[in-house]
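After this come two complexes, each holding subunit A, first together with subunit B and then together with subunit C.
On to the complex of A and B.
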């Protein structure tokens, strides 16, 4: 099983690369959204899944990526690539500035401290003339869905390769040690502050690029859509649903949930959100360690696995 | 940082008037001691005497309320725990803290990757970890998940994790608690083996027989205060010690 996963992932990525040539327009558009969401979930996985720190502030880096790109392209007529770089730099600075003070907080206190970040950024950008204040910015039209699709796919691949490296490296061992017991990790020589802040900065890079791609694709940015805390909630749900702290779990989790949501929205548009919530509650109850843990069990998986999870969680 | 007064070069760890207060409670009170290279200090005392708190202040888990921790001639009060690990201080936890999401081998590899040896490559760290696991008798459980280990094996894992850091000072907080007499003898032999490599050792233990056979000196804590420090036989026969420690435990 384990040996098959890597070649299989390569095959899937290759197959996905050909989708714009054969798929319909709506399929490609669905693909762009799904790939970007998977990237967000995968980058949330770096600190959240490996380091065990639940952040509700990652959507801020997405917003900084969208605005960095949008401001560069509209106000300064800079090319898209330069805009992305500016967005990434803004996000990295933001991650370091936010991370240094609040990553000293442990567990739930860290999560709570990140909750206010979206609101604060929204207030700031609503009053920035260079960012179009509360009206927002309109980017030049590109009309090239195939390009956006391939960009989003490439980003997800790079992000997943990074997570693959983390899972096998000294760096990743330090993060997992922090997740399992921060005191013990420190006493064994892990510089927890450096490790956590760098994990947040690393996550901010991919998150910001995803934001920049989305901004150019949708040609429109405003404070409410850029700094959207429900987007962060989706990252958490998708990562946790797929399997936090695993390499492919967050990607599979996002693909599955994006597809489920798409089907629900097409069938029963009004109750879709409600049903989607229901699916997630069921998932958390039956497989609290995510899809990846179910798959790891291989053939041994049966109804017993789900019953045991329920027992362990005293439901 | 003011220049630390010169200590004799062979002293590895020294505390000067170390004190820890928790709100009103003084759990370590004005404790001073030294351990030299290759020396083993046994620390005994009734439950709540302040033994673990003392170790916490040396490893950097807690900051002292008063006094100094001096490691190889340098005052390290302000040095964070992870840097003390790089300097060569390692400890085990009485309440064991294995990393659950990792295998036994990976648990120990963390020590090799981040401790004083700071091995950069995963392969080399795992190779070292394997050696320490063989040494501590956990070789057969290398690929098990850490949470799958039973009590005695968890103790061995704590021990192997600390050793893999290649420390100069090793603080062992009740690594024999819960072991049967045969297992205690095994651990005593292990400790004797590593001691011969020149490490300074602080061993907290309730098993008096083990303390007697391991220690070059024994220090006794009672209500946070040091009430004796010296030759094991003499200290263990001291009437004050018997009353404070052995009497209370009704052994």
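On to the complex of A and C.
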């Protein structure tokens, strides 16, 4: 099973790359959204899954990527690629600036400190004239969904490869050590602050590129869409549902949930968000280690697995 | 004069903020759950008072205790039926489950109550009286008094009543408390219920001063957290003082820098407090 996963993932990625040639327009558009969300979940996984630091503020880097790209393209007429780079640099600086003070906080303190980030950034950007204040920016039109699709797919592949490297490297071991016992990790020579901040910066890169791609694709940026707090909800849920701290869990989790969400949103719009909340509640109760743990080892899903999870954690 | 008025408004609002944080601090200190759905519970309390007032015609201040009973029952049920199942797992999981709960409550509220802004608007809502040249709004003063009274009630419960002793004992050492005959499942549910009831009272008062929307929860959760950290988890009156501190800081920001920046300030305050006093924050958890 374990040997099969990697070739299988390569096959799936190759098959997905051909989708724009055979699939319908709506399918490609759904694909772009699903791939970008999977990238967000996967990059959240770096610090949240491996490092055990739950961030509810990663959408800020998405917003910075969005605005970096948009400002470069509209105000300075720079090409898309340069815009992306500027967005990434902005997000990296943001991640370092935010990370250095608040990553010294542990557990719930860090999580809650990130809760306020999104609102604060939104307030700042809606007062910036260069970012179009409250009105927003309109980017040059590019009607090429296939290109955006391949870009998003490429980004997800690179992000997943990075996570694969993390899962097998000394760096990743350090992050896992921090998750399991930060004091012990420190004793073993892991510079926890450096590890955590670099994980956040790494996550911010992919998140920002996803934001930049989405900005150019949707051709319109405003504070409410760039700093969308429901994006945090979605990336956290998708990662946790799939399996935080695993390589393919977040991707599988976000594909499954994106599909479910798409079907539900077509039927009942507000109830889709409601269902998302239920998913996270049930996932924490029944499979605290994620979908990946359920699937791992080819174990047939039986109710005993879920009962055992509850028994481990109940009072 | 303007400054004095702003300070007064900040203090009165801050008392209410303190009440919001009180329930969170209690649950956090005793159950070791940072309840991210606390703001959503405040929101539900606000809507309960709103509908008791608009549909049943009950005066909001009379409806307040009713809403508290309703919210106590809701909180008790939540902890008993759901949160007790995960309370021993990692902090990450309790954070996530309350986060999920927050999403569920918020969007359920959006479905049931719609996204319209609501205000609890009794006939005396605009009443005020002058003191030493300052204007004192009646409703805000009453909200402040209720907040202080409830804090006193919590203090009395924790320090003078058998139930409070059991709660404090459980917070110190669950196993030892169990040996002395405390039923932790029930006690956890009661504590969470009290936290929810306090949130409900805060929501009702907040609805008279500001607007109710299904989405108000997230920012109030963050605010409650800041205040709980500033005030500490041990003494209810310190939590109220922490609330007053944040209330004053927000009012001054709105006056001197601009009202859109209040979110930035409360976030900045949070980071400053957490970074400057990490020792204390770590000890509290």
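A few comments on the model shown:
Note that the second predicted complex is superposed on the first by the 304 of 315 C-alpha atoms of A that agree within 3 Å, B and C clash if a C-alpha of one lies under 4 Å from a C-alpha of the other, contacts with A are read in each partner's own complex, and residues count from 1 in each chain.
The working rule: contacts are C-beta pairs under 8 Å (C-beta built on N, C-alpha and C of every residue); 3 or more make two chains touch, one makes a residue touch a chain.
Note that the structure is a prediction, hence the values are computed from the model and not measured.
Legend: residue contacts after superposition of the two complexes on their common chain; A:190 is shown touching subunit B, with no touch to subunit C.
Once chain A of one complex is fitted onto chain A of the other, the partner contacts of A:181 are limited to subunit B, with no touch recorded for subunit C. When both complexes are overlaid on chain A, the residue A:7 reaches neither subunit B nor subunit C. By the touch criterion defined above, A:105 reaches subunit C but does not reach subunit B.
Using the contact criterion defined above for the overlaid structures, shared-chain residue A:169 touches subunit B, although it does not reach subunit C.
For subunit A, the partner with contacts to more residues, out of subunit B and subunit C, is C. By the touch criterion defined above, A:129 reaches neither subunit B nor subunit C.
On subunit A, the surface touched by subunit B in one complex and the surface touched by subunit C in the other have no residue in common. Taken in their complex, subunit A has these residues touching subunit B: 168-170, 173-174, 176-177, 179-181, 183-192, 245.
Within the complex formed with subunit A, the residues of subunit B that make contact are 59-61, 80-82, 84-86, 90-91, 93, 97-102, 106, 109-111, 113-116, 118, 120-122, 125, 161, 165. Subunit C makes touch with subunit A in their complex at residues 34, 36, 82, 84-93, 95-97, 99-108, 110-111, 184-185, 188, 218-219, 221-222, 225, 229, 260-261, 263-264, 266-268, 270-271, 274-275, 278, 281-282, 285. Considering their complex, residues 52, 54, 56, 101-102, 104-109, 111-113, 115-117, 119-120, 122-124, 126-127, 229, 233, 236-237, 240, 270-271, 273-274, 276-281, 283-285, 288, 310, 312-315 of subunit A touch subunit C.
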